[in-house]
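As written, the chains take the letters A, B, C and D, and residue 1 is the first residue of each chain.
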Amino acid sequence: MSEPVAVKLTAKDFKSDQEVRWCPGCGDYAILAAIQQFMPELNIPRERTVFVSGIGCSSRFPYYMNTYGMHSIHGRAPAIATGLSVSRPDLSVWVVTGDGDALSIGGNHLIHALRRNVNLKILLFNNRIYGLTKGQYSPTSEVGKITKSTPAGSADAPFNPLSLALGAEASFVGRTIDSDRKHLQSVLRAAAEHEGSAFVEIYQNCNIFNDGAFDQLKDPSTRDDYLIRLEHGQPITFGADGRFCVVHPPGGFGLEVRDTSSVRPEEIVVHDATVTDPAYAFALSRLPGLDLRNTPIGVFRSVDRPSYDSVVQGQLAAAKATVTETPEQQLAGLLGSGDTWTIV
Amino acid sequence: MSEPVAVKLTAKDFKSDQEVRWCPGCGDYAILAAIQQFMPELNIPRERTVFVSGIGCSSRFPYYMNTYGMHSIHGRAPAIATGLSVSRPDLSVWVVTGDGDALSIGGNHLIHALRRNVNLKILLFNNRIYGLTKGQYSPTSEVGKITKSTPAGSADAPFNPLSLALGAEASFVGRTIDSDRKHLQSVLRAAAEHEGSAFVEIYQNCNIFNDGAFDQLKDPSTRDDYLIRLEHGQPITFGADGRFCVVHPPGGFGLEVRDTSSVRPEEIVVHDATVTDPAYAFALSRLPGLDLRNTPIGVFRSVDRPSYDSVVQGQLAAAKATVTETPEQQLAGLLGSGDTWTIV
Amino acid sequence: MTKQIRQLDRVVIRFAGDSGDGMQLTGDRFTSETAQLGNDISTLPNFPAEIRAPAGTLPGVSSFQVHFADYDILTPGDAPNVLVAMNPAALKANLADLPRGADIIVNTDEFTKRNLAKVGYQTSPLDDDSLAGYVVHPVALTSMTVGALAAHQVSKKDAERSKNMFALGLLSWMYSRPFESTLRFLERKFAARPELVAANVAAFKAGWNFGETTEDFAVRYEVKPAKMQPGTYRNITGNAALSLGLVAAGVRSGLPVFLGAYPITPASDILHELSKHKRFGVLTMQAEDEIAAVGAALGASYGGSLGVTTTSGPGVALKSETISLAVALELPLVIVDVQRAGPSTGMPTKTEQADLNMALYGRHGEAPIAVIAPRSPSDCFFAALEAARIALTYRTPVILLSDNYVANGSEPWLLPDVESLPDLRVEFATKPNGEDGTTFLPYLRDPETLARPWAIPGTAGLEHRIGGLEKADKTGDISYDPANHDFMVRTRAARIETIPVPDIEVEDPDGDARVLVLGWGSTYGPIGAACRGVRQRGLSIAQAHLRHLAPMPANLGEVLRSYDKVVIPEMNLGQLAHVIRARYLVDAISYNQVRGLPFTAAELETTLEEVLKNV
Amino acid sequence: MTKQIRQLDRVVIRFAGDSGDGMQLTGDRFTSETAQLGNDISTLPNFPAEIRAPAGTLPGVSSFQVHFADYDILTPGDAPNVLVAMNPAALKANLADLPRGADIIVNTDEFTKRNLAKVGYQTSPLDDDSLAGYVVHPVALTSMTVGALAAHQVSKKDAERSKNMFALGLLSWMYSRPFESTLRFLERKFAARPELVAANVAAFKAGWNFGETTEDFAVRYEVKPAKMQPGTYRNITGNAALSLGLVAAGVRSGLPVFLGAYPITPASDILHELSKHKRFGVLTMQAEDEIAAVGAALGASYGGSLGVTTTSGPGVALKSETISLAVALELPLVIVDVQRAGPSTGMPTKTEQADLNMALYGRHGEAPIAVIAPRSPSDCFFAALEAARIALTYRTPVILLSDNYVANGSEPWLLPDVESLPDLRVEFATKPNGEDGTTFLPYLRDPETLARPWAIPGTAGLEHRIGGLEKADKTGDISYDPANHDFMVRTRAARIETIPVPDIEVEDPDGDARVLVLGWGSTYGPIGAACRGVRQRGLSIAQAHLRHLAPMPANLGEVLRSYDKVVIPEMNLGQLAHVIRARYLVDAISYNQVRGLPFTAAELETTLEEVLKNV
């Protein structure tokens, strides 16, 4: 992990000289601004920060960050970033990806990075559509969605990215929204502090091909009743005056939302992101309805388990610890190992 | 779905003329025999049954079944089978795969087939090792496993195949064991009856490269205390005289195992595979410990949702329903649609 | 005011503006009007890479070029006679392509300080001398449109948006286009909002009337209809024609078409188009990735569909392993590669021909397949049918190498009579083919086509297993026998090499050419136009164009050897030339440009003349 | 009884038995003893496809062939002089390869009715006339071993298992091999179970003594040490040598080696081997698939490691898209392809050279990379170093085309002096390279190598972004400029084409050859042996062998054109021949066998003589 340094950076330091080329009004702008403003807080020098992305509108992100960066190929960012992270534990490696990039073509790399707990901060910009290729449905599009490639409506159920991540053994899982800068930064902060993979879903508006996908969560008239803001150690209540709450009914099979007035206070679940059993965070991830009611945001899960990087580097260090020879001497020894014979 | 036919087949009818070439003692033999014995029960003619596999010891399976079959390439069976199933709804399509085939290289196709709910019966022979390539660790191998490719012990946490499947929206999820023919067949029966994807994990012993991986679940001295046999509608108890049980503690975050004597009978969870919320089946999938204690087997989840095949075929049927012309006439109409002009 | 009317034989117009200015639509409509008039047409859209850049910037410029003439033409034209520039960026981005003397119609309303600065103009080119060599027509397009719509019930934004219709009206007037189809189009397009129909029609008419009345446009032009074969025509892009060709292949084979695809520029439109034709039994599936897309298509082929997958270069790379499986399984499969500029992500919206090597050789092991390439937008229809024919008859994967240029370009297409299209019916195996009358031998070949039987699941008595391991001849059982492998490898090669394909035809009107220009795919138009130019200068040159890249026509070697020189222009570094040299030991001259753009006929002409000088 | 001792110059022995009989180990030990004695050696293991077939069946047969001589040899031999057949299946599977007069040692205990039936023998070949042309030695190997171990504390099963040591003892006696290393080996192997050490040693000695005493073996043979260059030797397989070469590349470059790999036959052993060398800082990662493996390697290269990925044909196909990205990124990357028989899954344990086309051309767009191939097991070491050198110096992906034959075959290797190995140190960029002294231009090239700077994350002041979209020259910014693209495409091609590689050397001892045999990769041994044979018959023939397939040596064209005929033998359908014909317009004769097996020298010799007759 990167150690903090003295130089104090500002948001401007993280702006590259490249012209930003998203559509006017795209949610990506807000995320970019929030991240540029957030980065200095980490006290990690720019040169030790790397953004790796795949392909998609969202994946243009690294070009706009004045750090090291790679705009790679569609779906492969987690794999490329894994090689980088595990071989360079001194770096802070971030992956920026879209719902198509991460969950469609890149699904396998994503779930394996999470299982391994590679030290990556993975930011999935979920606009529930393919932006860059101009509007086909994505693995997070709702059933029946009419798009260029599904004129009769899509036939398949979407992934719930957080459920999938939890099913893949993710040690850190969170969700936030493009338009809520403070919240976005708070989740990034927790992700950055986490050792291992941190998976953050960011709801992002694509105003060209899927405008308003998350409006219920942004509109002041519905927002508070729809959003569940998770806070570690706090009972989970939401809505005006906390009129709704989340319970774990003894006879039931998961978590459920109730009117706060109808339950005893001790029945309300007190959010604990550090619970070892992912069944809890998984149950949280299933709360939202099709209309986005009961959408939790915040850190769902943040548990400690060794990162792949640390175990692998530990094995290397252990193997090297006993070495007393120069590499050349070691090599000579290796070449000459096994059954040899000499001709004079 | 295939309709039953009159001809009564026997296990022998499902044996192909190919010599079976697994290592003597391999768990695959038991599974093969169980399936050959089971197939006649379905009353589906052999020619309407297709086994599609990837590559691995397990993936040799189709060669031994006297049905249609394809031994495809590593990891791609779910994708190939999807194309077959969705275009041929009259067939009964089975996928046979291994832990490497399904979860390593083929992870993406697997999770997408499950999400789509393609009408496939997916049998994952999990031996927690790469058999065919002679003993590397697999995505289900336990942490720290020493294999040819991990002489210092593997550094990454395994997938829990059932958790992953549930995270990927699987509508049917079950688990069984190579050595328990009756149980194996009971799970297959439920899978075959399910419309949509049925995902079945079969614990399989590889006596050459990972012998005894599931011994605790087979050894008469531990078996009963370790295995939780799930039965729909029954309270979940296990062990000698049902001395253990599964509860859903009100203050807790998932499912837990208790001494039956310590809880009130109504606190014991009554297994219901049809619960819509996958959080329940997910919680079940998290019960086993590293030593395989508390391993549920049986049908974890079996819920109805439209299969991809049926929605897609429904769209085709709806589009065709209004057609009155011959295909040639339709085509002529299509070619001449839009702005045309005529030169005489 | 009566205006002078001048006759022209051909005109090239380029509409250019911001991504949001609707230039593709404007160009499309102008093309359609022109088609109605009976001119021959060729078009070239050119839109920005991927995402909408901020308004008014150079990367945000979108353009559409249309070439129309009173004779048959082959390309969208090298250099526009008229540029419509909706803003400073559009002017700046396109000026270099204009020959001196060209007309430039600019929307002066957009030439603000801010907009000029955005693209690095210090002073307005309308005010300094920089446009001295051109005929500039400054038109306050936006404000005139807004003015014309003052009485309409539309927002200012909607009024401004109609400025493209004003421009279209003006150009339609200038070139005496019939506009009825455009009015009908607007009615259809805005059916739900009648006020927008009215506004757009009004804007169009205002533009037309502006041409009619203003002094600035003193001349009106006419381009007479071209002499074209009688019949019904439509204007069509390559991607649309290719899609229709696949639908037609389904109809003519009687098989369901299964398309497995993953979106990718510039191939996505085929997925979009085919997903609309469910009533033909065309099943489209947007797969999770390219590997799944081709896998699903192969699975469908196994089940008796015509399996198709559409993609571009990066996708073909990913599909290679599965295509190799299809080679081993010997099942029909059509892989459409709409080529774009590589390597890697390259320039996704630009054209190139650099995937030929991959199509021919990009698989592990000896994995030969058939490769064919369309030569023009409308030819994509027939090429798709031909790809399906080869795939179905010879049970083999076929790669169809289109490219961005033919895919998005358009031309008039003489609609074929459906009954005249090839009969693609196939016979599935229905009974045992072994000598004993009871065994089924899945790899017993048809002696003529070398194709194996296609026995689809559901056929009682033919249950069998196939796979990617080497198969014993006839039985298809797994075999490690050395002699069998050698035999199978050679048989698979022969299967492709012996597919009968038409002889290559040479166009040499003078009959005495000593230099042959050989091309393939989308360079047909530019090469043809260049050869015409060369011939117009009194020189002889022969042209031949390859449709089948694998196998190649039987007479090709002979044809090549009968010329003193063979020139092969390609939009790559010489991939066809390499194959030709290897196969025929002909010292072909490779002429290459890898610019993401089609060749211009003029450049090619110069090159060919250079070669002719040295014969 | 004193036995006659006969001197031989060379012997080929094949040990064959069931997969469970330990034939690979037996062969390995015999090879090791032979190496100690100073013979030249070449070996060829041949194991069943993938899984252990049921005992006693033909597909379950595993064999190991060793060729040793008192002079330098080039192949494991065409035809065994001695076959050790542990059961009827082993006899049946191998008999066809034996020349008449060869010795056959059979384990009679296994010639039971059941075992004979399993492989389709009606009567025992030991009892009928079918082995008439051979010298058959029936030995009750199993029961004698069990008998010899009667007094030992081992189970019957363990006793039976030691029968391979009995066979080894017998053969070691027959060929007068020094057995100390085998005794040491057994001690190491069974260190944890001393009773097994004792049993195996006893079995070995029983075999030795059986030879010494029995009448059946009247003659004992000696093969004198070969004259070999002085130095220390070890016997090494290609996969082991390749692994050591990669470790050496790490040491000599001072960079950590990062291996991203997904297991696949016959490449997995490289992963296994490299995962043992963590103390060298070699990091190995078993990735989820081939795409992730190459992706991770590329990511590590970006971070300043030597990124390597190892696989076989199907894996390379999957990696193509990422290799194309590496071409665009211009980063070092070594891709090892241990070729096996294709297409598709093909015959995974058999050899072939059919991935050359894919290595050269199997990517979308113009995506040139370097390709090199080792010629023998020990050469894999140097080829790996050379691949690393090119990758690091020229910042390019390099494909190293090994194959199953060199990978699993072995030969004595004169250990190199570490200091004599090439110096592979590279310089990372550390400061801005722009003219203004502050900008960093990630695509400003070294004028000599055309390599761009390698500026790794962590370097302050050089922050920059790279990607798969086309890049502007020097700045590396995204560029859609047509001229820039053309320039970059040509520059990337030139980068590879101008890598200096050594001239090709021709071996023509007579100096007057008119026919040249050109090969590449693992055919070096068989071609060399065949040429020797041809020359021994008094004919002249020249041999040249390509190590660099891309770029090719500068003198190659000249060399080829200086012969009347060029013959190119390949284990494919003529892939190198195709390239040679295209590049040099030389009418090369392609000689192809695609049998999953190396050429035999004898067959090649016949072919070459045929060609010589027609010059």
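Simple rule for what comes next: a contact is a pair of C-beta atoms (placed from the backbone, for glycine too) under 8 Å apart; a residue touches a chain by one contact, two chains touch by 3 or more.
Quick caveat, the model's predicted, so the values are computed rather than measured.
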{"item": "Relative to chain B, chain with the most remote C-alpha centre", "value": "C"}
{"item": "Selected interface, B-C versus A-C, where C-beta contact pairs are more numerous", "value": "B-C"}
{"item": "Rounded Å distance, chain B centre to chain C centre (Cα mean)", "value": "44"}
{"item": "Gap in Å, rounded to a whole number, between the CA centres of chain C and chain A", "value": "40"}
{"item": "Mean-CA-position distance for chain B and chain A (Å)", "value": "29"}
{"item": "In chain C, residues with contacts to at least two other chains", "value": "59, 278, 288-289, 314, 321, 325, 329, 344-345, 467-469"}
{"item": "Numbers and ranges of chain A residues touching at least 2 other chains", "value": "55, 73, 104-105, 107-108, 112, 139, 152, 312, 315, 318-319"}
{"item": "Chain C-facing residues of chain D, complex", "value": "49, 59, 312-314, 316-318, 320-321, 324-325, 327-329, 339, 341-350, 352, 354-355, 357-358, 360-367, 467-470, 480, 482-483, 485-486, 489-490, 492-493, 572-573, 578-579, 581-583, 585, 587, 593-597"}
{"item": "Of chain A, residues touching chain C in the complex", "value": "19-24, 55, 57, 60, 73-75, 104-105, 107, 130-134, 136-137, 139, 148-152, 208"}
{"item": "Of chain C, residues touching chain B in the complex", "value": "32, 35-36, 38, 181, 185, 225, 228-235, 244, 247-248, 250-251, 254, 256, 258, 260, 277-281, 283, 285, 287-289, 291-292, 295-305, 307, 321-322, 325, 329, 415-416, 418-419, 457-469, 477-478"}
{"item": "Chain A residues within the chain B interface of the complex", "value": "104-108, 111-112, 115-117, 139, 152-153, 155-160, 163-169, 248-255, 266-267, 269, 272, 275, 277-280, 282-283, 286, 305, 308, 311-312, 315, 318-319"}
{"item": "Touch list for chain D against partner chain B, complex", "value": "50-55, 57, 59, 261-265, 268, 271-272, 275-276, 278, 284, 286, 288-290, 314, 344-345"}
